[in-house]
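Which chain is which? They are A, B, C and D, in the order written, and residues in each are numbered from 1.
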Amino acid sequence: MRQKIGILGATGMVGQRFIQLLENHPWFEVAWLAASDRSSGRKYGDAVKWKLDTELPERIANMTVSPAVPENAPKIIFAALDADIAREMEPAFAAAGCAVISNSSAFRMHEDVPLVIPEVNADHLPLLENQSWRKQSGGYIVTNPNCSAIGLVLVLKPLVERFGIESIFVSTMQAVSGAGYPGVASMDILGNVVPYIKNEEEKMEAETLRLLGSRDGKIVKPLPARMTAHCNRVAVEDGHTESVSVKFSRKPTREEILAAWREFTPLAGRDLPTAPAQPIEFVSLEDRPQPRLDKMRGAGMASTVGRLRPCGLLDWKFTVLSHNTIRGAAGAALLNAELLVSLGKLEPAKLDRVAVSV
Amino acid sequence: MRQKIGILGATGMVGQRFIQLLENHPWFEVAWLAASDRSSGRKYGDAVKWKLDTELPERIANMTVSPAVPENAPKIIFAALDADIAREMEPAFAAAGCAVISNSSAFRMHEDVPLVIPEVNADHLPLLENQSWRKQSGGYIVTNPNCSAIGLVLVLKPLVERFGIESIFVSTMQAVSGAGYPGVASMDILGNVVPYIKNEEEKMEAETLRLLGSRDGKIVKPLPARMTAHCNRVAVEDGHTESVSVKFSRKPTREEILAAWREFTPLAGRDLPTAPAQPIEFVSLEDRPQPRLDKMRGAGMASTVGRLRPCGLLDWKFTVLSHNTIRGAAGAALLNAELLVSLGKLEPAKLDRVAVSV
Amino acid sequence: MRQKIGILGATGMVGQRFIQLLENHPWFEVAWLAASDRSSGRKYGDAVKWKLDTELPERIANMTVSPAVPENAPKIIFAALDADIAREMEPAFAAAGCAVISNSSAFRMHEDVPLVIPEVNADHLPLLENQSWRKQSGGYIVTNPNCSAIGLVLVLKPLVERFGIESIFVSTMQAVSGAGYPGVASMDILGNVVPYIKNEEEKMEAETLRLLGSRDGKIVKPLPARMTAHCNRVAVEDGHTESVSVKFSRKPTREEILAAWREFTPLAGRDLPTAPAQPIEFVSLEDRPQPRLDKMRGAGMASTVGRLRPCGLLDWKFTVLSHNTIRGAAGAALLNAELLVSLGKLEPAKLDRVAVSV
Amino acid sequence: MRQKIGILGATGMVGQRFIQLLENHPWFEVAWLAASDRSSGRKYGDAVKWKLDTELPERIANMTVSPAVPENAPKIIFAALDADIAREMEPAFAAAGCAVISNSSAFRMHEDVPLVIPEVNADHLPLLENQSWRKQSGGYIVTNPNCSAIGLVLVLKPLVERFGIESIFVSTMQAVSGAGYPGVASMDILGNVVPYIKNEEEKMEAETLRLLGSRDGKIVKPLPARMTAHCNRVAVEDGHTESVSVKFSRKPTREEILAAWREFTPLAGRDLPTAPAQPIEFVSLEDRPQPRLDKMRGAGMASTVGRLRPCGLLDWKFTVLSHNTIRGAAGAALLNAELLVSLGKLEPAKLDRVAVSV
């Protein structure tokens, strides 16, 4: 008996990934699709420009796109909206008693909204109990981070735990799918690099430190580290690659780092369907990870790391890769939802009376 | 009356750039072309796979490729050889009394070999007087830096002079032409990033600090700064893009940095044909520089910089772009040769008796 | 003393090419720029997203964008508008007495509007005398063909003249710049081919036969040949490549074809600044023409042809390449204007009284 | 109980696809890997540059690469060799009693060697009984066609059967993986089209007509149609796209063509593991098929066709797409082997006594 879920922003790139990942999902069933007024009332198959290389499931193609209002929507909502729209719409659904599992940046830095990666900071989830919507209707908003932050944070988490981190340098080479569709113009990226993604560096820095921070009652104290991000767009379809240098509180050996990554399996035993067995995969080949070859590790949910070597400025440097629309977006939200189910907190019947604790 | 020059490695990517840049050069005339044994004796037009988007000049196409030996070669040699071959061949030409203007990495870090960017460290040139070949035959080797180092060093030089630099972080996104031809396989770079270029990080770090270092009699003392480089290959034909963070001895204001770049015209008055009027071009648009749009500034000889903004870890961060086979290779060597002419030190008749001073 | 001209649609990709090509033009001076209401009243440099790899000239950057109405516009207008807008706007300018040199498809197939390539069918120009605007105000519209047709027609013209053509097969691989900016989404073209360009095949077929047709008094009779076009979009920035097969009325030898191309210099002696000395360049290398290497032949105004070989179905097959935004758009219109000047028919003072004959 | 097979040329692109497709194959087990002398004796995981986006199976990585000689090789050999090497090596294995399932072009046009697509011309298989090796040792060679021919032939086969075909025009846009690794240099294909692939047009034309031809006793009579192919390389990793026009003996309606494709399931009932349920998939969206989105239909074994529309020169035109290293290479050979098993003719014990008939 699968729980019915709805998707807000179902026709966009992330919305499409939700549909792809939820096809045959053991716990959730897509029961409601909403998109902009332009699409509302049309068959999804007609309204969408399907851009994935698996076929649009016929059942989904035949669903009618609903208006983006909470009436008649399921109680569990995956939201794949642009930030401006999310700022209006997500609170409306939360106020109506929905669990809003959001991929948008709109509320990520809001004090009461958990910004969560299940392997990293599940203990931030109780923040949602402080949301005004929660208190009124049982509804709430939970968010996952930016596509550029998530792969990095996964890789840093066990290092923070074991050695402490003081400084983080990251320079990204991000795929075009991160900008949605139509997103980046081909004239801008063919044979080119664009060394700028609006607000991306600010989001990446703030979210990384918040995710690695610790909850102290009702607030999250960000990791007290210094960080700088350079964000670049490159001619890659999927998969963000990141050059990273780190300074530790206690400088570990190479072996200690590899062990920290290898032994990082915080969700072991929970049996979440979308969780990769090995969230961090280290690849020892000298020229890896590469987006074309490594982005699908762990079915797109692993963060791949390679080229671990000493840094002339900080302590160690390495390269991180993760799939930006699976682990970096739809898969991240889906895993958040699975974690909430696993905690017994995503049952529609209980949404209005339950306190989340982990 | 133009001086006759020869090109070693004339059929490769950099060799082709030499031919392109020397067409109609006011001071030099291509009089001799040498390549591997496979090409020797053939017409250049038959031996080369011409990969530039200007036409191969007919006069050059009809020249016969010479064996790569000093006999009958001109006294001025532009060398575009792989490092392994350069290690054997460049000394042979220097020993035979040739001025070898080399683009290879083979001797860049040799104590007596000047590694020079004319705008940056022309005062390193006197090192060549210490070369054994120089003393015996008048010949010598002068080198230019790696394609990834040169654009960065140009941009850092006026900052070092005015504010001092303590730390440098750079992450590159390098064009495929830097690997020569056939070089990078298309299967490796289409829709991909390769986060590894053999020996590149080591060369970039060592050369940058040497170029920014100061000559103390017979040796160069590298800049006493800390530096780390991450080198990546991306799907760009020409133009290396670099994300850079810098910590200064005295942190400058934004205006001071811009003034330092704007006022950096160390070759003004020398009238070197290949020298750009403005070696550092600052572009204020928020999403620039970009290789497709900016690589040809200063006819491919300028280093373009943009996105100057505060760094959360060091002091300031910015993006640098330069053309890797013009400013980063053939144009760099050509400008070195022009500087030597300007100093009165590249006249074949005088090669065996002249001491270079600047 | 240069004639003042205006550009309609000045901020788009073709508008930018007009500005680039007109910089330093000996006969014309950009005196007026118009674009959409969104841009009107702003400085051009602020309104445009400049996407060319030469710098936006400072004088142009500082011009104020005018509203797109004929009042205060020069009498000579280069129009780079989308077809829908052109259908409204070009007649307004023609009615106001302007010579509208249009790159749009809106009126190309209109009976009284010359669709012209100067080397091919200058004798179609007198059609403009039949335009109602011409009779009322002296203004008129002259058009150039679609970017995919023009390179092909140049190459076919001397073959039609000497041998007759019965059947034409063409399959194109077109650059993304042909779709304007933002145009083709990067998600659609990276690592991909899109085998469809809206209305392109129809335009290419109809325009080719009209351009190769003959004027019979007031009408043009299209070439009585059969033709089919397959149009595809590929991951190329500039330059359309076309695989072509042709059946002739009289099958020529290889040498006859090469001679027809080589000897095709119909504008010789006219001294039009933008006309290439050799409109058709044959390249004998087995793997050419290629867009990256050959698109700039004749400063982007030549059509390059190669791979001439027997066809198993028709008579001969070959590959054609031309630059789609220079020869295929802005350069085509500019050459049309130069031809009109050369015929003494583009002087603003005379626009309202002159009959064009050639 | 799976049959042991060997792979010749196991480290190349097609060899890697064999390994990928054979992982978990229900009938075959990879038991022997051979490659060039350079790789022989090394662990496969060390010898190969694995370029696929699934992981190299650990069992395979640990296998030792064997010398490429028939001694100790299994009786069933998948051969992924360059033509020059295949010409020497495949006969040696056939002479030693092996069934050589070859992807090479070396023997495709040999009178006694079946060139087979199981859905198209399984009835050509008896040719192998005429091979001298077959008579001496039981061994034989069976081949599959060139990657550019196979998708086209699948789509043409039901049309030939129902309507007859007189003329075929095809212009290809082929992926770089078809050239192996390193294959096409990135400098040649980024932002570019190469309108030439050595010998490809000749192979595509000859193989297509042979595959669609009919066996008459000991020989195959090619389809008596006229055909021309233009072969181009584009910046696509996997998936060949082809623009096709066809003239029929009896011109069918659109509905008749669609029915012919839809009803084409010649392997129905055979239960071959690699056979797609629907060998020809028609996609009705106006801008499809596209390599990025459609190449994996039928797990990479279907040929996708779209854009069916009237042709101005022949009767109908359309676009074909197929995966060049799955259906076009390793998958094609694998399906050939499965067909041979299904016919009871690929059991090692019987290789020396069995006559194949279908």
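Here is the rule we use: a residue touches a chain if its C-beta (ideal position, glycine included) is under 8 Å from a C-beta of that chain, and two chains touch if they have at least 3 such contacts.
Computed from a predicted structure; not experimentally measured.
Steps from chain B to chain D, taking the shortest chain of touch contacts, total 1. Note on interfaces C-D and B-C: more C-beta pairs are in contact across C-D. Distance between Cα centroids is largest for the pairing of chain A with C. If you average the Cα atoms of chain C and of chain D, the two centres end up 43 Å apart.
Rounded to whole angstrom units, the spacing between the C-alpha centres of chain B and chain C is 40. The set of chain B residues touching two or more other chains comprises 51, 188, 190-191, 235-237, 292-293.
Interface residues of chain C facing chain A in the complex, by the touch rule stated above, are 13, 51, 176-177, 181-191, 235-237.
Chain contact summary for the complex, chain D toward chain A: residues 50-55, 190-191, 237, 292-297. Of all residues in chain B, those touching chain A in their complex are 167-169, 171, 173, 188, 190-196, 205, 226-230, 232, 234-237, 241, 243, 245, 286-293, 306-307, 311-314, 317, 319.
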